[in-house]
Every structure is written in C-alpha cells, then in structure tokens.
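Going in written order, the chains are labelled A, B, C, D, E and F, and every chain counts its residues from 1.
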Amino acid sequence: MVREISRPGPGDLKLLGEYGVATVHEAQGRTGLMASYMRPIYRPANLFGSAITVLVPPGDNWMLHVAIEVCRPGDVLVVATSSPCEDGYFGDLLATSAMARGCRGLVIDAGVRDVRDLTQMGFPVWSKAVFAQGTVKATPGSVNVPIVCAGAAILPGDVIIADDDGVCVVPRARAADVLEKARAREANEESKRVRLAAGELGLDIYDMRAKLEQMGLRYE
Amino acid sequence: MVREISRPGPGDLKLLGEYGVATVHEAQGRTGLMASYMRPIYRPANLFGSAITVLVPPGDNWMLHVAIEVCRPGDVLVVATSSPCEDGYFGDLLATSAMARGCRGLVIDAGVRDVRDLTQMGFPVWSKAVFAQGTVKATPGSVNVPIVCAGAAILPGDVIIADDDGVCVVPRARAADVLEKARAREANEESKRVRLAAGELGLDIYDMRAKLEQMGLRYE
Amino acid sequence: MVREISRPGPGDLKLLGEYGVATVHEAQGRTGLMASYMRPIYRPANLFGSAITVLVPPGDNWMLHVAIEVCRPGDVLVVATSSPCEDGYFGDLLATSAMARGCRGLVIDAGVRDVRDLTQMGFPVWSKAVFAQGTVKATPGSVNVPIVCAGAAILPGDVIIADDDGVCVVPRARAADVLEKARAREANEESKRVRLAAGELGLDIYDMRAKLEQMGLRYE
Amino acid sequence: MVREISRPGPGDLKLLGEYGVATVHEAQGRTGLMASYMRPIYRPANLFGSAITVLVPPGDNWMLHVAIEVCRPGDVLVVATSSPCEDGYFGDLLATSAMARGCRGLVIDAGVRDVRDLTQMGFPVWSKAVFAQGTVKATPGSVNVPIVCAGAAILPGDVIIADDDGVCVVPRARAADVLEKARAREANEESKRVRLAAGELGLDIYDMRAKLEQMGLRYE
Amino acid sequence: MVREISRPGPGDLKLLGEYGVATVHEAQGRTGLMASYMRPIYRPANLFGSAITVLVPPGDNWMLHVAIEVCRPGDVLVVATSSPCEDGYFGDLLATSAMARGCRGLVIDAGVRDVRDLTQMGFPVWSKAVFAQGTVKATPGSVNVPIVCAGAAILPGDVIIADDDGVCVVPRARAADVLEKARAREANEESKRVRLAAGELGLDIYDMRAKLEQMGLRYE
Amino acid sequence: MVREISRPGPGDLKLLGEYGVATVHEAQGRTGLMASYMRPIYRPANLFGSAITVLVPPGDNWMLHVAIEVCRPGDVLVVATSSPCEDGYFGDLLATSAMARGCRGLVIDAGVRDVRDLTQMGFPVWSKAVFAQGTVKATPGSVNVPIVCAGAAILPGDVIIADDDGVCVVPRARAADVLEKARAREANEESKRVRLAAGELGLDIYDMRAKLEQMGLRYE
C-alpha cells in the first residue's frame, strides 16, 4: 500500500480528456491500449483521470476499501487481479464511497455488479464482465504498485482515458507530449473529414495510388 | 414431460422479486448464480417467477411448444441444451404464445432471435447469444425435469430472479428464508450507504484496519 | 481489385430489406448466416445492400480506401481478414468517406472504432469487436473477390441483410426466389401470430401432438 | 463437510470402469457428460471411482486438504469452484497425499500444476487448465455436498468415469442399470464393427435408405 | 447428395502431400488455411487426399453414413455443421467403416470421440473438440456441396493437406500450380537453412538492413 | 532496437532453472506468471534463460530477424504483439537461425508453425497457438524494450523460466533473492512430501484443524 503518489497536472488531464481513446492511442504511437474485452457498462460513457492502481486476489475485494481511502478528486480506480477472475468486485456501495471521495470511475479487469444502480448514479465503469458473483474480504493485495491490467502496464499516477472504444493509458511523464500530438492529429483529421465528406477519395487525399501500384495492386 | 409441479407461493415470489440478483445471491450464501455469459437482450430488464424447466437437443426447439402448454401466469421458461448450442431457439411467435399463457420471461443457455420484436413486446430474455440461426422440430426433450442451466442446478418450481446483473435461482424450499435474509441485508446496506455517501470510509465502518494490519498490510 | 461487378436489382434489394434476418435466413433454407459474434454497434439497426467484398491483412486497413472508390449508392462494405484480427480497421473518417459515396453500412469480421461518432452519424456497423487499436497501410489485399466472412461465403454483388439478430448473405442469383419465400413465410407467420396471441397452442396449430407421442413423449 | 457418504458397490464400479466414457454416456441416455473443455493432463488416461465432491472458493484450495481426509481407496476427488477460476489448485504434494489415502484421480473444473510430476506419478487428472498460479488457504468451502462441475450435476458417491474423451457421471442409484445397458451396447457394437470393417455400409446395416428417402434426401 | 465428383489426379495429390501445411499455404499465396482451433487428435499426424464434403445439422451425424458410401480410396471426409457444435459426431465405428472404403482421414469443424481407438487405428482426425457427446440421426444434410469449414471455403474434390500445423485446402484446379510453387519454395528454403545453421543472419541473407533503416529502425 | 542489455549472471540462471515454474512463481510471491493459454508445443519441455524482448505488429515477423542478431548463448526470445494475433510468426528456419546464435527457446504471445520440425530439433516453444498462417515483413517493431507478454510485464534481461506448467518471469534484480527462496521452499516441500506419502494428513502437518473450526467449518 503506497499512500503518496505523483499525479499528472490537472490541466494536462483535462485537455487530454477532450480527445477520445482512438486519438490518444494513435498520438502516443499505438501503445497503451487495454484489451478489447474491456467494455463500458453503459454507453455513451467517457472518463479521464489519474490512476490509483489496485492488485486484488481472485474473488477478494478487500483492497478496494483500502484504495478508496487514498483517492483524491480526479482519480480513477484501476484494478487488476492476481489471476483471471470475473467476480463482481464492485457494486453500488463501493461506488457511493468512491464518488464521495471524488473518484471519477473504475477500470477493472474483472466483473462488476449493480450495473443498473451504477448507471443511474452516472458512475462509469469499464470491465471484463458484469457478474453478480460476490467476493470475500480475506486476503490483502496491493495499492499503488505497478500492475498489468487487461494487457496494459500501468503505474500509479498514469493518465487513464476511456470511452466507448475502450481504455488507454498514458504514462504520466508523456502526458504533455501526447497531448500535443493528439491536438495535431485532431487538427489534421478535421481538414481530411471535410474533404472526404465532399466525396474526395482517401486514395487521392493521402496520395496512395502510386504506392499501391508499386506494391502490386492490379485493377481488373 | 411432467405436467404438475409445485410452485412457490405468489407472495414470496413477489417480495423476492423486489430484491436484485446481487442481493438475493448474497442472501442465500453466494449460491445459485448462473454464469456471467447470460445477458439480458435489453436493459434495464428484470424478472421473477417460478421455473418451468426445459431440456432441449442442440438445434431443436420442439420442446418449447410442449413447455408452453404447462405455463401458468407467473412462470418463467428456463431452457438448457443437452450439448452446447447458440442457435436461435426462440423468437417472436413463441414469445407471443408464451405471453398469452402468462409466462413472464425466458432464461435460455442458448440463442434467441427476433430481439427487436421481443424488446418491443417487453418480453425479457436472458441468453447466451443472439443468433438468427433456425432450429428443427425432430427430437423430443424433457419438460419439468431437474436441469443444469448455465452452471446452476434448477428444479421445476424453483424461483428465478433476473436483472441486469444476471440470473439467480432460489430453491423453492428456501424462498422464505432467503427473502428474510435479503430483507435484513438490504436494511443493513441502506444505513451503510448513507454513511459512505457522507465520506466515511469502509475501512472504518467495517472496522477493517486492525485486521488488515494483522494480515500484514503495510503503508509506505 | 475488381472494379466492375454485377449487382442485384434495386427493387429486389429494397423488398428483401423489408424482411428481417431471421425470416430471410429461413426463407433460403437456413443458409448464409454469419457467426453469432457479429454484433451491431448500436441497436436497433438494420441494413440491406449489395456487397463490396474486401480481404485485408491483419492490422492493415489500406484496402478499405481502395474499396471505397468502387462503392456505389446502395452498396455495403463486407470485410474479411486473412487471419483473425480484432483491430479497429474503420472509424469516423472512413465512414465519412463511405457515406459520401453512398455506402450504406459496414460488415467486418474484425474491430471498429469511433463507435460513438458512427452511432451519431447513423452509419450501421456489424463487427466482431469494438477496439481502438490502430492499423497500418503497408500491405495490399483484394477487393471484390470471393471471401469468407464470419463463416459465410460471399461473392461481390451478393445481397447483405442485417439487423439486431445478425447478418445474412443472399446469393445474388437467388435474391428473387428468396424474396418470394420470405413473403410467403411472413404471411403464414402473421396468421399464426394472431392465433397464438389468442392463447391457442403451437402444439395444436402445428398439429404436433400425434407426432410427439409417436416419438415417445410421455406425460407424467 | 460431510464425513459419511454412500458409495457404489466396488463390483459395479469396476465393471463400469471397463467401458469408456462414450459408451457409458450413451448407455445412460446421453446424460451426465462434463463439458468438452475438461481434458486429461496426459494421454492415454482412464479413471473410475466414487466421487468425493468438493466446492472451493476461487483461488483457495484449503478444502482439498479437508477432502483428502475422507478419501477411501477407490475414491475420486471432484472439485467445482464457486465462481470460474483457472488457478492451479492441485500439485504434486496434494497428489502424494491423495494417493496415500487411496484416491484414484482428480476431476477439477479449474487448473492444476506440477503436471510433469503428476504424469510421472501416474495420477490422472482432468482439468479446465494447466496453470502454475498458486492459491491461498483463507476461506472454507464444502465437502460432500451436491455440486455442479463443468456443467454436470454430481452427488457425493456418484460414479465417475473418465478417459481421453472426457468425464461422465453416473448417479449411484443408476450404476447397475447403466452397467447392463453399456454391456448390451458394447455387444451390439462389436457385431457392427465386424460388418463395417468388411466394407458393409452403415446405410444398409442400420437400414437407413428408406427413411432417408422419405426425409427428402435426393441423389444427384 | 452428389454422387459423382471430379477428383485431383493421384500423382499431384501424392506429391503435394509431401509438403507440409505451412509450405503449401505459402505456395498458394497464404490462402486456404483453416482456423487454428482445428487440432489433430494425435501427433505427429499428416494427411493428404481429395475432399468429400459433408454439411450436417448440429448434433446429428446421419449424413456421415451417407457420405461414406461415396468415399473412394484416397478421399478425406471434410465435415461442416450448419451451426456451431462440438458434439462427438464420429467415433471408432464410423472410422472402421470409412477405413474399409479407403478413406484416409477426417477433418471436422465439430467434435470427435473414441480418440484412443482412433489413435490406435492410425486414423488421423483434425477437429474443433474432443467430446463424448452423442448425436442423433433425425435430420438430413448434404454431401458433396460447397461448404465453409473452420473459415475455409471448400468444394468437393479439392485437395486437403493436414499436419501438426493445421489444415489447408488447395482448390483442385490449382493443385498443379501450387505443387510447382511448393517445390520452388522448398528448394529455396533448403539453401537458406544451411546458411542460417552456419550462423549467417536473416538480416544479411534476405538483405534487410537497408530497408529496415529506411523504414526508420534505429539502433541504440 | 536496443543492442546492449544487462543479463543475469549465468550462475543464478542455471540454478533458478533447476526449479520448476510453480516453485519459482511461489518463491517470488506469486507474481510474474504468464497466462494459462501459453502452452509448450511439446511435453515434457523446460527452459531457462535471459529475455530478449520483441514487440511485433500483427501478422508481421520482421523484427524476429532483427532480434536474432543480438541473441547470445543462453538467451530466450520473448515476443509480444502490438495487438492480439495467432499467426505463425516462427518456424523451422527462424529456429535454425536462433539455435545457431545460442538462443535456447521461444516464448511468444501469438502462433508458431513447423511444430514437428521444432520438436525434432528440440527447440522448445511456449505459444498461444499453433497456426500455419504466414506473416509479412513490412512494418518494424521494437527489440529489447519493456513489453507485456501474455499478461506479464518483462524487461530485457529478465529471467525466463518455463516448463509444462507455463512460463514465469523473474526480474533480473530479484533473481538471487528468488533463488534463495525457491531453495528454501523446495527443502521444506521435500520433508512434507515424505510425511504425506506416509499417509499423514495436510490437516495435521499444516496444523489446520483449529483454524478451520474457527472459520466455521462444521463436520456432519
């Protein structure tokens, strides 16, 4: 259990949060994406914040109570299990507690329950499963240690961006750089969007015809 | 095919139906839950009723017609296959027939189709898949025999509770006892919810600090 | 890359499009259905059109730009990968381009991203996954060749019918015949629906009792 | 924890054990089979015995130590988890202990480890996974209660038959009846085998041609 | 049911059979491969032959008896299901019958049983599952029609090549051409193998360094 | 591409290699284990070495050629993909090249082919799939960067231990400490093994009875 962690500046966080997961993932060189099985419990949903990392044993949600104590406004709980598990670690009571501490949402490589309540509370969750299966409080885990969640490596204080496309992690130290690249990418996309909407072809906009011919594409 | 089965009292049923799956599952000692792949075809959805159990061959929905004959108002069709299958056993015609007999919904460890119609009809279904694949009517199965559906053992007349979190089975004989425990649990949760919403920590409410320290949790 | 393909007559297309996937699949003898993992990104959704087939390498969406050039109003992009892949091949820019060419929707045995944008644009997609993972443009594939998509064999110009139940392919040459059978089936179902809604049993309407008894069904 | 259970007679057990899973499963009307994901850790392998049932929490193998105490020669440990888990609940130490008590093998709807040692010891195991992941000893479960293991309902004292094709459960009360049917089936198959090996066709031996023609099979 | 089909010349077949699946798959431009879940029931195993295609309903193996009648020496049974199914369609009796007709092996996108017997008989099978689950004989299917098996499109008379790496289909008309390319590829690989074994690097043999530098690879 | 990395001392490596994956995983506090889907292509198999990490695009094995150049005797190739892929990245030619450089084996979160050749060569591989599907050489990746492989975070130069139970990663800096703990654990297990083999119960050896009673275990 680590109490004190560094967090990204709130400015960078907020600005990064304005871009979607697909844009941020591209902006940092197609890294940091969690597996496609991580789905939001309701849609549309989006989330950005600073990661509180939690490592829990299978079927045991004790450490979530421990983690909530160190949540500050703007934090996101990111939970990995020490072995694969789909149990419902988190429900409306924990969400009530987390929201009271300013926690913005949950990303969990396991299951969640009380999803109707969580939806009504507007507490966004990305999870591997929705499952009413209860958990015990018998074995401690860790809070604010490096974890691997749904295939992505995360340190406490990393930036979490999530929307209907999934969840992406931006290392804290790279936040400013990624923000800049996301901004550039979005600007570039906007001009493309207008031309494509007008019927211009990507083949021409991106100047692909010569390259495709050279790679052997033949028209019949 | 068994025509006459015992059913739970309508009073217990209705009262149990007021609690969600997570609460009922906890109240009966974390048993009776179906696998997490059983998902509602629309959300929010909820269902309670007395089980008519059906065992069908793969790709053959003949027995559903047989089962509907014995449905009474308040019943729920619970369908297992004799080997894993995702075919669309059930669609709008069977739903029309089932509703006409007072059947409240369907729980099927297989596929379902016509989901848009079923949604418009307000006929709730929990299934393993949505799949248009048709079935034949060539081989009989069984109605109102003990079955295993999505990992849960069910007898005809058991209580089925389903919502957005999944499906739970309460043995008929335990319905009154589980009801009482669910009531106690809910009451207890309500007081906790108020304290958690006020920012009090689960660590303190549940008095976990000493136990965690004893289990070796260290703060850094 | 094949530029010129035959397409079904727009009349047949439109009429077939009025029937759902379950009906069309039955009408053509329970063939042509894609696997149940092909799900719409929003619901309700429906689609009909003439297939532009695309075969792409894993993690490479170059050919989608090539395919869009040959789209005509009423076409549907149908994309298979040369090996299984869940990457997000298609997002809002490609959708903008496809819509500008009259393309009606996308069926892809892989992933898609920007699903919130696609939902707002009303561009329907059936896919194996929602995944923000980006793709490269390095290796050509094929357009308008025979493909296998989610277990179904498809030729360019085949009819695609999709709704909340999944995706079905009707070979172009069979479109008129299937249309007729779908019409007959629907008419027949309508009369059954009325009788079932009135509480008559399928056992009686379909005259099943004797056959079931002969097959050994016993009542207890 | 139930100490005293009824077991099948050793004679029936031994005789049933001479038939394979496919034969026994057919002989009892195609019921009692566990899911196809239950695989032996080495092949060829076979096993028959009387079930000691164990229900364990995810990631917690404490109850296996409890269960071994009540094992008698000829017993088989049959382990289900209260929620899905692939952890390695069982390794060479537990196998050493189980063998010392006369236990013949393990059927576990979870993971197992030390598979090279278990193979060398000749201790057969059917499991959902091979996984080195360790477990804790923190939460009790149950021994000799009714369980559902890999989709099959089992009571303590039921007969377990396992081979390279999978695992089948025969209710204790039906053992003698199933034995008789397995014997009849095997005898019948033997005569068929000789005729098929001589080149005679199943179409003729089973007299299928007329029935197939009547069902609409046409030759082209 | 189609009795008469064209088969590849036995010479081409035999020669193609000398190359493994990986080589043949490459030689025909990386097409024709079945999904990776198709695994041999024993290893090492290999198979080549001319396809008899069979389409069967879920849980119904009637058509296998029909198909065996048209098997000639050198044929391979290739079985697809009309919807996904893992049942054990094929066991030692059918294998006895198939071997008596000269059938060389089985490729089935479903389950198989009696695998120990099949192994002892030396009858190779590639399947999606090993599962003792029995099937009925109630609904006809088709023999020698175009099918999609494990993601690959197959016509009767196509060449089937299978080994420990999986299963590949070569269209009959392309057999001679693919054979030639496989031969060239193998010759080329042999010289590379010698150089690689001597410690030369692929980077140098394939002259990759300049291209990698141009693509942006940097050494640190 | 990073050329120079630190490696563990050969002494520690060799000694750690004498313990199995289950023991090493326990010795380092149940961390570092790859997912259970990582299976050896032949059994028995075991491997220890220093990791050369490789990150590859889906369907593109170019970087494997780059990685082999930096292999030294005692190294193990550990390959992750930038998005999930089962293609056969590695076959007998790459194995020939890797062995010539002293590489001891391969751990790949993707597919492998030519498994019969690899088995005959005695080159051990742990992979997610066996799949003949070919790959291209079009897009660079990275060598000797931090990766996540099958759920485990790995740095270049970390220790890889693999056997029939799976694959475990020991951070280079912890190798000596884990070695000591593995030794202690093994010694402790040996004495337990003797007592268990003599029929003593784990309940008594580990002194569990009082604790179980206190946790509520009741005997009936």
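One rule holds in what follows: a contact is a pair of C-beta atoms (placed from the backbone, for glycine too) under 8 Å apart; a residue touches a chain by one contact, two chains touch by 3 or more.
Owing to the predicted nature of the structure, the values given are computational and were not obtained by experimental measurement.
A.B. asks: Just to be sure I understand the contacts, which chains border both chain F and chain C?
C.D. replies: A, E
A.B. asks: Give me the superposition rotation angle from chain D to chain E, based on Cα atoms, as a multiple of 5 degrees.
C.D. replies: Value: 120 degrees, nearest 5.
A.B. asks: Pick from C-E, D-F or C-F: which pair repeats the contacts of B-D, with over half of them the same residue pairs?
C.D. replies: C-E
A.B. asks: Which of the two pairs, B-E or A-C, is linked by more C-beta contacts?
C.D. replies: When the contacts at B-E and A-C are counted, A-C has more.
A.B. asks: Please compute the C-alpha centroid of chain A, do the same for chain F, then give the distance between them in whole Å.
C.D. replies: That gives a centre separation of 28 Å.
A.B. asks: CA centre of chain B versus CA centre of chain F: separation in Å?
C.D. replies: The separation of the two C-alpha centroids amounts to 41 Å.
A.B. asks: Cα centroid separation between chain A and chain B, in whole Å?
C.D. replies: Those two chain centres are 31 Å apart.
A.B. asks: Do you know which chain B residues sit against two or more other chains?
C.D. replies: 30, 33, 36, 82-84, 86, 131, 133, 139
A.B. asks: Could you run through all the chain pairs that touch each other?
C.D. replies: Applying the touch criterion to every chain pair yields A-B, A-C, A-D, A-F, B-C, B-D, B-E, C-E, C-F, D-E, D-F, E-F.
A.B. asks: Can you tell me which positions in chain D touch chain A when the two form their complex?
C.D. replies: Within the complex, chain D touches chain A at residues 57-60, 82-87, 131, 133, 136, 138-139.
A.B. asks: Using the touch rule from the top, collect the residues of chain D that touch chain F in their complex.
C.D. replies: Chain D residues touching chain F: 1-3, 62, 65-66, 68-69, 86, 88, 91-94, 96-97, 99-101, 111, 113-116, 119, 129-134, 137, 139-140.
A.B. asks: How about chain B: which of its residues touch chain D in the complex?
C.D. replies: Counting only chain B, the residues touching chain D are 30-31, 33, 35-36, 82-84, 146, 148, 151-153.
A.B. asks: Which part of chain F faces chain D closely enough to touch in the complex?
C.D. replies: 20-22, 25-26, 30, 33, 36, 39, 43-44, 163-166, 168, 189, 192-193, 196-199, 201-203, 206, 208, 212, 215-220
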